[in-house]
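Both complexes shown next keep chain A, but they swap its partner, so chain B is in the first and chain C is in the second.
Right, the complex of A and B next:
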């Protein structure tokens, strides 16, 4: 069995977490040449309510494409934390938005807290880039792809007019996480 | 030279592969979880001079691809359970009139509207026997984005070679997950073009078997004029009830696949050589099975995986062979027992056999397969 690294992004539908998962998978698979599979919960519950996007990264081809034992999890809302912050391995990591997740899930993992949505709104000026702030933070937290690969993947995906905005969001997310590690 | 790579969904890979294979006509009616195939082809086909049509319903879409194929196009349609049920009459028409076409079924639960967004593998038997009457069937079930590309191209080749409908069976997970794909260069994968008539329009008969079991098909709209019907027909295409002609026609149509089964069948075997237990599984479930096989091997259980890539024709000779050398076969599938009965028919009691079904809209996990294997051994 290939050594798998499993990441789950969860939050509310519309927060862009599926896109965050796709960008991370592109950074790993296309830019760094590893193997990656991205999938998402798909169904009525993905609209508005809790939504998740999972990325499996490995050096070798990946068999089972869904999460089995989650190495790193992100939860941007209380509902997502309650529903999806489970199955995290011992010594795994969970990052929550500390403004929105008031009751942090308990487990044998390390809990990290950042005001992700507030950072996007107040420091970047656009709440819509919260997913990219979160992506930067998760890259810093996991080290599963390099800062540069993640940045390139972000820039490859966003329209030219929004490159600087997203570049800043990614960097701020990355640095905020580094600051608490 | 750097080859073009991308992280794309299975449905997207399928659509791009259709263009690679030379598809110039797609008709469809959108349905979850297949709609991305139509979405991509709506953009891509016009770029290569092809046509995309969204029809008024699934039946019309099937009719449209049959018509376009008769006019010489390579054609595709994509749907899911409820749409596939509607298409069955015309799939039968394509069988008896021997019209090449590729139909993608991204399976969802059922019967009827079922669970649109949940993965399923419950159309295995529909792909074989969905339309009435004796008929040959080819169905392919790929398990990764790269394989979806290659097998979609092969589906077109098989349809054109054997002059018949070919189905591609996927499920919501392989259709929607994103994986890296390396796009084949033009010419890298073989492309088959249908056999044109060997004779002049005056001498042409659409079901003339003097050149073999697969009569050349002339494109309509040109100099070749002929009759097409859903009735049993004589070599000239007109209906017949003559016993010997009908019998010969029916038998020949089954023979097209039976006689070429070895060329059509495709399997992947992983650690089956010394296996005391074999997991026989296809599509997304085979990826859980491979995970399970590796885990079981680490625990000292000699497990193996047999993955039919072509479900129909079922690889009966090879399955019978591996069954004779193993103690047990476990068949996990996202339905309540379909392929397992085909395995049972072929294995004929030469080893233990266990089914593992799941129909709650969630995939069969590696752990469920591991537990079932331990229960059987």
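Right, the complex of A and C next:
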């Protein structure tokens, strides 16, 4: 693993991206024993519809938790892509929802596309788990935690009644991403 | 309001302190238009039972999101008080659950005590809303957002079926704190 790895989840408010960030941080820290900082930073733009959540993962203590250079970014909506898909390092990765982000940001990173919201709706049957589909895809894309650590962190965090739904969402997201890597 | 105000919520994992932090940040930023950063930092101690969540609120953009000097701290358990009730500024405030924190941390801050968990259990009927009782108390203690902004942020964030329960928990926490100020 790199010394420090930063992941940004962006989309619309209400899509559960803060939860996705928390689950990833807990997978890395509580399950895999790394250091992690999870944060959301709200400025004047917070009143708009776009939302973001950031996770920094490192082997050593993290002195400066603000995401400055992003290794991997997710954008579920066009507005989020326009606002938050920046600061990605050279050779970093950007995953967009290809149904909703029609104009992909340009940069010296590798662009990946999946129909994340549609997958949640049509294959899992609940749009509300799009965040966990996205989390599974980002775990597959980055390899920053193992499939199993991410799955355990999902199951530890979601209410008991929704465990099977979220477990399926996570696995489907992971497998869809693996299919295009 | 001070240039920069930092609040730390600490307790045990599963007590919903991350959610309390997110709600406070959303009250300050999305509702009141301030800048806010909400974060959780996980180190090797994350495997233990103690958990913390931090919020920084400011009128201007926040450059350095890591909480370094805490204006107001909450500790719901003895372990959290021992681990996380430090770095409080001179003349800052510390609120502890007086049933669970038997040995209060010492420092040049003002100590407040409320039976937060017991209030959630006995007056609201659900221990799970202890985080929102605590949030109401911290809003009353700090005045960092208005009662109404905090209440709206609670209602925006919790599932519809639990709105009345959380609204009551928030109000009771707020009023209990006002009663001892």
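Convention: the second predicted complex is superposed on the first by the 173 of 181 C-alpha atoms of A that agree within 3 Å, B and C clash if a C-alpha of one lies under 4 Å from a C-alpha of the other, contacts with A are read in each partner's own complex, and residues count from 1 in each chain.
As a working rule, a contact is a pair of C-beta atoms (placed from the backbone, for glycine too) under 8 Å apart; a residue touches a chain by one contact, two chains touch by 3 or more.
Here the structure is a predicted model, which means the values were calculated and not measured.
When the two complexes are overlaid on their common chain A, residue A:81 makes contact with neither chain B nor chain C. By the touch criterion defined above, A:169 reaches neither chain B nor chain C.
Once the two complexes are overlaid on the shared chain, A:177 sits clear of chain B and of chain C alike.
Of the two partner chains, neither chain B nor chain C is touched by A:133. In the superposed model, A:120 makes contact with neither chain B nor chain C. By the document's definition of touching, neither partner reaches A:73: not chain B, not chain C.
Shared interface residues of chain A (contacting chain B in one complex, chain C in the other): 22, 25-26, 29-30, 35-40, 42-44, 62-66. The residues of chain A lying in touch with chain B in their complex are 1, 22, 25-26, 29-30, 35-40, 42-44, 62-66, 68. If you check the complex, the residues on chain B that touch chain A are 5-7, 33, 117-118, 172-173, 176-180, 284, 287-288, 290-291, 294-295, 298, 361, 363, 365-367. Contact residues on chain C toward chain A in their complex (touch as defined above): 18, 22, 25-26, 28-30, 33, 35-44, 46-47, 61-66.
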